[in-house]
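Take this structure, written in structure tokens, and hold onto it; I'll ask about it next.
Order of writing sets the chain letters: A, B, C and D. Residues in each chain are counted from 1.
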């Protein structure tokens, strides 16, 4: 064991850019502050590496928290090749894209009163029920444009939605031709709307229809990298995608608030993924524990500052 | 605000049954120990309530941790009407059912060495790669029995697997006719095996084929109750299932190690679900924070002791 | 790496004793359920080892949660040689011992209303302000019996309090001659009462007067063991006590809900303590993550069942 | 319940200052990202309020993580009136001030090997044993300058140490005449060194000698504000200090990684403190959950940017 890189006490200057602050946090270098600095380094390298297919896992209620803007920008700027997300995030992306809004609220409130006021709560974010009325109208209209009797993949359904929107993640991905995988699409308001639609219409969503294209990408890419916001299905679906190939992920960054000792994948260390071969033995990988509404903006702001300055 | 139920200091007797200890924890009554006591009360009442459809959400790597035995017993004894789980738990259930084993390991190890030794790690559980060879053989054989050209629901696929097994969760559920919903089945080794199979065979898994039966149950049941182990897709899929009906869950218990302030559903309080109408305003509901490898055995042991003593 | 001890799926029997359940959790053997089983084994061995000085660290608001009864029983039965706790736990121990009570409340309430109702909240425990009036009267009376002009150690002050009480931790420890160390006694209602007393009286509490006796014990004991409930000052004070000696702790068990990656001692693994020499290289040590209002009663009930059955 | 402040999706610009990013996080406004923005607002207001006595609680292993530089700068710039910290942080502050260093390491290592290499680990920070040899020499020399037979307060001892150093927190506080309270000073390497010294010398450290001056400040200040990094003794000691007065804290910010449902004070919400009257009913207060090696630098950088821009 060696001691060669000393901890440097952090000093704040009156005006620091995000990357300047993250660099100072890197010289301090400990705990999750140090991990965040390493995440910035790895993500910068991953984004600059033209041989790397860039996966982005997007779990947790991130769009209601305003993190969707970061993701649509990353897609627009070419920094995401494959997006895997939850039905919930895509539901809220649609809600914003059709002009409804989420609102600042409080987690310390009476939920029965909220129910009476027709407000749905996501921790300290409020979403009026009314939004779901507009959502239903939009979804049924757009689902109605599907070819009767056809069979679709989930990413095909997502692209269809995106083509009928004018902003947000689904829209930007559809415009750029970036696939959005959402393995558990049934598990969301999108899914419930589809169930409503399917009561009187017949379009089959083939649960496995996305696998061949994904597997083709995994078998042909030279390198693979993943930024994982949260855990859940997006994390597992991304990491397992390389499992059938002789390779694994070369870059992996996870931003999560979960803990490893409960055994769940969402909190599992990326080292655990090495034992499975999901990430390569030599992969550059780091987990930053904390709330992604803090760590994601810092990560992206610092990396964009570096890339822009070139 | 009233102060009428005093905290009773807990005294251990030389030999206590689990329910005796939980009752003493209830008289102490604070923090998660108090919550666990309330969970026992609610779950007992829910299991005794013949008008209630009993949902069980099973997320997290619980089968590798030996918690699968509890679930198959609950199904066998008629205490689960609808099971919603992850592809991972069902994968590990199959692995055990075909005679392979998980092993006690340690989380503090070198994952690259594990990789060389062909051992996959789940926190402190080890699973030799060899198990996946047997798994592949079994899965391809059983998938091969599917009717070519047919279309299946995910629960249909799960029942098909269960009928070809002789123990475990899938087997017991198939035998008892209990549906297993696994919305993100693609996101698991079961899913990867299905992708392999589907390269040379054509059986469509219709992602939404399970919704009508589930919705029928939700619209016709007098009451609904849910025990949620972990969060993830199982929690959301269960809670949203009542959302389209005029009712909500009357009983809800969650055992989770996540925290609410990160906004994710897995750690969200059940009160938050009241604002959405997922659980009723008057629902009996409690969240117990902690590792389900501790809280689940205690909960079930205490409730079974009570029910058996009648 | 070896795979020899298989995970055994857990099956609940209608009536199980706590130790029977913990043994089944040990055969399942994963995550914190497995750790709790190992904690029971280590604590049993530690309590049976007559050469071992038994430390008990008691942090967190455990007395308001009814966990004080366990500690006073352990002292009474000879299972604690040295207790290190917080001023808060001892304050609440006194409150109960003078006949005041804590009450079951809820964490989801309006704290300003509680303030108006003169109720102090500790998560979901309520304590009426009135208790502090009785507390003040008791404390001033008992402090008034101290020899004017004398100098006392903190453990001496605790013993003085214990001699003036008829139940609880302080009382039992005083009766059995077990020292209670409370390094940050100023940081509590006990401390504030002492400040009130010291405005008109002069008895010096020598902050370091407890060190010689503690160090003598540490230098002369053959072996040392520690059960640490929570972290904080009690954990550090106990673990550092062996640091000056050529030895370290031979047994160490920590029950904590904190996490290691934040760098704080309360969540630090006991392995970290090996690098410092606080625990020996060969020490039997385990950390169980979770709420001690669950893990402590189980641990003690299982160990007492084993010891009693001999 | 009202919905008037909409969530604004966050967009990263190529180069953002820390305050610009925090402001965008505030417009997103959810979870801990929203809380961090509110913390910046409250701390800015608190620092600008000339009627407010500014407390700073500094718990957790923050100096080994490079966070000490922030604290000494805040003292130097007049933004801390009273510092309450742990013996550990002050020990590591002295170690750095006498020219020894902490080093970047890894948490995933063999602690027995570290022990053999004479390296002490604090999560992923390494501290060579050698540092403690220099520390012992320094401490014994400086303690040796104390007046034999005298009685000292803990803050007096801290000031004595600070006067004998040339950089760091203790030095800066001594130079500026800012008291450092360290209620559990025995619980640290400073304390163990003092025990060594006291074996052959007689200087009494009066545990309660700091209370009168602290209480005087609390009774005479017009307003009080606290920034609490971590919990532990510093949080409780600060919050209880206003308890004896008719007032409470008007501003309170806590940065913590702990959780409230375990009942411990370190994770308790600041609302809980309202029920006790530790903070006023109308106090501006916010808790940001996360690793302070991330949240503290952002908080201070954003506030300093605002104050500097005036």
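In this section, a residue touches a chain if its C-beta (ideal position, glycine included) is under 8 Å from a C-beta of that chain, and two chains touch if they have at least 3 such contacts.
Fair warning: this is a prediction, and the values are worked out from it, not measured in the lab.
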* To do: Note the rotational component of the Cα superposition from subunit B to subunit C, reported as an angle of 0 to 180 degrees in steps of 5.
  => 180
* Between the pairs A-D and A-C, the one where more C-beta pairs touch -> A-D
* Cα centroid separation between subunit A and subunit D, in whole Å? -> 35
* **Approximate Å spacing (C-alpha centroids) for the pair subunit C, subunit D** => 25
* Between subunit A and subunit C, what is the gap in Å from one C-alpha centre to the other? -> 43
* To do: At least two other chains touched by the same residue of subunit C: list those residues.
  => 30-32, 64-65, 108, 114, 119, 122-125, 259, 261-263, 271, 289, 291, 293
* Give every residue of subunit A touching subunit C within the complex, in rising order. => 30-32, 108, 259, 261-263, 289
* Contacting residues of subunit C [partner subunit D, same complex] -> 59-62, 64-65, 88, 107, 111-112, 114-115, 119-125, 151, 154, 183-189, 191-192, 194-196, 198-199, 204-208, 210-212, 215, 230, 232-233, 236-237, 240, 243-244, 257-266, 268, 271-277, 281, 291-293
* To do: Could you pull out which subunit D residues touch subunit A in their complex?
  => 1, 3-19, 21, 24-25, 27-34, 36, 63-70, 72-73, 96, 101-105, 108-109, 113-114, 117, 119, 122-126, 128, 271, 289-291, 293-295, 297-298, 300-301, 304-305, 308-309
